[in-house]
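Alright, structures below, take your time with them.
Two complexes are shown next, each including subunit A; its partner changes from subunit B in the first to subunit C in the second.
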Partner chain A sequence: MLAFIRGRLLSGLLTIFGVVVLVFFLARLTGSPIDLFFPEGATQAQLESFSRAHGLDRPLLEQFWVFLSNAARGDFGMSIWQQRPALQAALSEMPATLMLTFLAMTVSVIIAVVLGTIAAAFRFRLVDRIITILTLATGSIPHFWFALVSILVFAIILRLVPTSGAGNWQSWILPVATVSLGPIGILTQVTRGAMIEVLSSGFVRNARARGFGSTRILYRHALRNAALPIIAVAGDIAAGMVNGAIIVSVVFAFPGIGKAIIGAVLARDFPVLQACIVVVGIAVVLLNLIIDLIYVVVDPRVRLS
Partner chain B sequence: MKGEDVMPQSSGQQRLSWFQRSERWQMFTASPMVVASAVWLAFIVLVAVLAPALVAERANFQNLSLRFFPPFQIEQGIEFILGGDSLGRPILLQLAMGAQTSMIIAFFAVGISSLIGYAIGLVAGYFGGWVDNSLLRIADILHTVPSMLLALVVLFILEPSIFNVIIVLGITRIPVYLRTARAQTVEIRERTFVEVARSMGASHWRIMTREIAPLVFPTIRTLAVLEVAMVILAAASLTFLGIGLQRPDVDWGMMVADGKTYLKTAWFVAVFPGVVIVLTALSASILSNWLRAVEDPTQNILFARKPKPSRGKAP
Partner chain C sequence: MNISAGLKALGLAALMSTAVAQTAMAEPTDRAITVALAVELDSLDACDTQPAQNANIARGNIYESLTHVSPVDGKVEPLLALSWEQIDDLTWEFKLRPDVKFHDGSSFTAEVAAANINRSQPGAMIEGQEIACLNLTQFPEAVKAEAVDELTLRVTTPKVDPILPLRLSYADIGNLATQQTAEKTTNPVGTGPYQFVERIQGQHVKLTRFDGYWGESPEVRDVTYVYRAEPSVRAGMIQTGEAQLATAISAQDATDDGRTVTYKDNRIVIARPNSFKEPFKDPRVRQAVSHAIDRETIVPALMGIGGNPWYQMLGPQVNGYIPGFDETEALRYDPEKAKELIAAAKADGAPVDQEFVLVTRPDLFPGSDEVVQAIAQGLQAVGLNPRILSLENTAWRVYLRQPFPEDQEGSIIMISHDNTSGDATFSFSGNYATCEGRNSATCNPEIDRLVFEADAAQGEERARLYQEAARIMYVEESTMIGIAEQVRLMMLGEGIEYEPNPLSGIEIRIADITFSD
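For the complex of A and B:
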């Protein structure tokens, strides 16, 4: 168990290191990273003094080393527009995003497990087909459009929820729905597939032969075993939720890392953008680690491998 | 399925027999939804090819008196059936112009990522070892950074243009194919017919291209069709955020962004382009799902045959 966690942690650290390297080389892609750190219209003298102060006139390898050692200390430079460190600008937006991700994850897993189980129990019947078509449809609706249409219907026409912000709990409904939409579709498909496989396996037939009712078999015997693929896929989806969070911050003026990212892009604030990528990368790695641990707890067989 | 090992396909080149082909056609026509999806995609491609030559001028003609002209009225001619946008341009024709952008991006981005991912995945899976490990690691890293964030950063560095959107999406979607192609190759490489080919002195190149690749191809093709949907959505998200393209280039995501501000007064400006995105992406998903069912009829998906087939009559 400990060895497993250590292995996962190491591989996670390696991935985060890779993300940091990626960030460094992305900035050098243009040839002159100085342009990235300054808005258009900066004077030549400003550029040169910045270049000297940050060692951008040094050899690439030396720059890389300096960047790495700074990044290891959590120093991604100062934000150009906000008078505070870039890392702080990124981190201060994380709580809202983590909350959004947590809520969306919970909502989508619950809905997906219910829908997927129904589809599997009635496979190839009309209910199953309707659910399958719906799940395909949810994957085909762009986040931003769903967000706008939901504002139109629920905020403007029906006046049930506010159009933007994150003041009260009502204002969380549409953002969570927007972010959950895609994952519900994927997870429903996974649940359905896993349940169908489990339902046709020997121990379920055995349970049926022993005279247990179908509901009991579904929930007590089958769902437990179908949980593994659902958990595994949920980890994959976590990274995708940040995509939704970016859109949500634009459409609903919702706080979160998306707001920091879009703000950094619009203000050409490259240090903040760099810090955001690293912070998101670490969050995704940690989330995957947590999901791996849940996986181990649910399925003792994983511990051995 | 057991027969495969007993009677190995001497070459990966599978030729569809007349029997299989006719069955495939039946599976196609059997589902009206699949036919509708194919027709819709063909229609969009046709529009994408024809629109720039036919309606480019009228699509971009700004008539401010027709600003937010309401939809479903034909007083201004059929081109205003979906209303006018914030500059009095006909939404229908703008959609047609947007079709071209979206199709070009989808076609090339999917083409680039599928070819590269397919090739690298085959090589990595076939040879294994440290190359395989490091490639998987890179794919992992790309996977850890959310695709849209990565695209945002790259487009932040590069200029917004159709070409750069293609490059960004082409590269960020490579891991999807790489993982799939690799996983399949690892499995296929252990099969008897590959061993037979090897014992008969086939080179690595020949085994990869003639024995393994053709068996991996159907999966990659199915995935590529699905990825058309994903790329259309991703590209639209980028242009919606205002960093993918600049006017006069237009695509559906950009049109939704244009309408965002006028949601209260003119809902149709934002809603119609979204409907077109959903229909197109959904068509591609349905087709992909159908392809999967055709390749593996035992799999339980939408178009799989029901478990109680009437096998009585000849196909």
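For the complex of A and C:
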């Protein structure tokens, strides 16, 4: 087990290193922050002065070496735009991202498992068709549109929740609902498919022959066996949420690492961008490791290797 | 307008009429407000207050400067300086306001003012570290400030500069401790009516009324600034009462209940052909561009209440604005004339068929994508060959700023330019008009001569020279083609009184906000 974890962490670190190297050079190909930093009338001398102050005038390889040696000590430099260390700028966004991911995945998995199981149990009947249509719709609705409409309906007209921000627990409702929308659709279909396959297998027929009730068969025998594909897809979706949830960040002004990455890209705030990539990379590696470990817990036939 | 909305409007009108009487005797209250802004600020340092996102919060609230531009007539007024005089061509002396305290209790003196001005100059260094202040673009060449006595400040300029008092309106004053380090402060201490409470990056900034303020105590006690990128969300926050003032409202979110107020801040949408590249080297092709754009149809149809047709690059409050130009001299919509000019240029060998890019940014101004498409259609209709190129900020600036890469294609770049200072030097000199100007795509020695002469002149002569230079730019050169004057929208919560002015785009003085209920 320990060897497996060690191996996974090592390969994860190598992946993160590769991504950071790519981001370091590709980001610098897209332009410099100097022009963005100064207002229209800035002179060449002023721009050069700023460039020197931030080490942007040095050769690219020298900048890379400075970055690597500092990053090895956990120093990602100071943000160009914010007066704080880049790592702090990245880490400060993570709690909200992780909490949003946790809440959205919890909501999505619960709703999807219930709906998917019902759809599978009543396969090709009216309830199955309704669930399929609804979940296809939730998977297809543009999140940006849903976010704006939900603000109009639930915040402005009904006044049930705040329009935006992250001030109190009510302000989490619309962002969580928006982020959950797509995963509910996808996971419901995955659950339905997996359950249909399991329900037609021999051990379920055996269980029925032995007189077990439908509910017990569904939730105790079938669902446990259908869990692996659900966990696999849910894990991928959760990794995507850690990376993104950008629309929620923009529309609801909700904190998150996705917003920080986009902001850093647009502002060419290279230190923050690099710190965010490393932080997200570590989070995704850990998340994947946790998912692998959950596999073993759920299905003892899976062996770590 | 339905009956309910009508009654609301009547009620609001009644409230406003009583508010006028109340404003004069406005008393400090315990009330708090929330302001919804579009963009988060970058810096709270006193030397970074030029960009609007920083100025919106810090200028006039946390910080004050020695002088101030009147939003009414654009004249330079005393603020932390009571008076000033020019001792000789290069030296100015300022008498400072006595008994002014910073939020930390320290005194405002000439020594502190000098430290602030010197720190925000080009090339300023502290402890061997260079400072990149954003306000330094107001000082093309470094000035030197020194304290003569506790309340007398002397400023020396490297060359004659008649508008030094105006330039100093951009030099906000922070306490001495923040001026003795090259680090940008995250805990701003100024002399303004509001003191800093906290900033949670990405979330909010909070200020509270400063009880030791030297001026009249404002009515609003606490203010929280939040950032909402989506205009409809900002408007929604006003409707739900989550915010009491929201900026940068789009025309489709505007309400007709009196809560949406408009203002102009001398911000103009401009099309700038690059005269250094084909097909725009021939001035007749550039003049044809101006004749090909039907501003009177495009702007009302696509910008609604957010814009007015415009033919110059400056607003009416800037001294380089030419009164009456639009009706008499402007190169107005005339497609036949445009075709004639293009044909004449073609006969002389100009490659008028050559494709060029019409460069824009999606966030340039509300509805910019549609306006640019309409402009492109107008250009195609007279025989030009534009291709729309919508870029994000950094890539867009490659087409804006000199030096232009050798292999860059011909371009017309769309610009949204503002000048809140009232003086054309900030738009022309070293910027859009002169040969060496950072954002200039033209070089005409006569324009340079007029602009540099204007820079050293004062009053009406200064304005006349700038207007002469502008006339050449708009008519003979046709390198700065005015398209629309932007009208900005702001939304106020119920019971909030605030009259926006031409400076409101960069400076929202919370002290100017009163309650009507």
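Assume the second predicted complex is superposed on the first by the 254 of 305 C-alpha atoms of A that agree within 3 Å, B and C clash if a C-alpha of one lies under 4 Å from a C-alpha of the other, contacts with A are read in each partner's own complex, and residues count from 1 in each chain.
Basically, a contact is a pair of C-beta atoms (placed from the backbone, for glycine too) under 8 Å apart; a residue touches a chain by one contact, two chains touch by 3 or more.
Predicted model, so just to flag it, every value in this text is computed and none were measured.
Colleague: Check whether A:A72 is in contact with subunit B, with subunit C, with both or with neither, and answer first, second, both or neither.
Modeller: neither
Colleague: Using the superposition on chain A described above, determine whether A:R84 touches subunit B (first), subunit C (second), both, or neither.
Modeller: The second partner, subunit C, only.
Colleague: I'd like to know which partner A:Q46 touches here: subunit B for first, subunit C for second, both or neither.
Modeller: Only subunit C; A:Q46 stays clear of subunit B.
Colleague: Identify the partner contact of A:V250: answer first if only subunit B is touched, second if only subunit C is, both if each is, neither if none is.
Modeller: Both partners.
Colleague: Quick check on the superposed pair: does A:L9 touch subunit B, subunit C, both, or neither? Answer first, second, both or neither.
Modeller: So A:L9 meets neither subunit B nor subunit C here.
Colleague: Now for A:H143: first (subunit B), second (subunit C), both, or neither, which partner does it touch?
Modeller: Only subunit B is touched by A:H143; subunit C is not.
Colleague: So, A:L152: does it touch subunit B (first), subunit C (second), both, or neither?
Modeller: After superposing on A, A:L152 lies in contact with both subunit B and subunit C.
Colleague: Output check: A:L160 vs subunit B and subunit C. Expected answer is one of first, second, both, neither. What do you get?
Modeller: A:L160 sits against neither subunit B nor subunit C.
Colleague: Please identify the positions on subunit A that touch both subunit B and subunit C, taking each partner from its own complex.
Modeller: Shared contact residues on subunit A: 30, 36, 148, 151-152, 156, 250-251, 268.
Colleague: If we count contacts the way the header does, which residues on subunit B are in touch with subunit A in the complex?
Modeller: 33, 137-138, 140-141, 143-150, 152-154, 156-158, 229, 233, 236-237, 240-241, 243, 253, 256-257, 259-260, 263-264, 267, 270-271, 273-274, 277-278, 281-282, 284-286, 289, 300-302, 306-307
Colleague: Can you list the subunit C residues touching subunit A in their complex?
Modeller: 42-43, 45, 50-51, 122-123, 129-132, 134, 136-138, 140, 183-186, 201-203, 226-230, 232-233, 236-237, 239-240, 242, 392-395, 397-398, 401, 417, 426, 430-431, 438-439
Colleague: Would you mind writing out the residues of subunit A in touch with subunit C in their complex?
Modeller: That would be residues 30-32, 35-46, 49-50, 52-54, 81-84, 89, 92-93, 148, 151-152, 155-156, 159, 162-166, 250-253, 255, 259-260, 266, 268 of subunit A.
Colleague: Residue numbers of subunit A touching subunit B in their complex, please.
Modeller: 14-16, 18-19, 22, 26-27, 29-30, 36, 123-124, 129, 132-133, 136-137, 139-145, 148-149, 151-152, 156, 192-193, 196, 236, 239-240, 242-243, 246-247, 250-251, 261-262, 265, 268, 270, 273, 276-277, 280-281, 284-285
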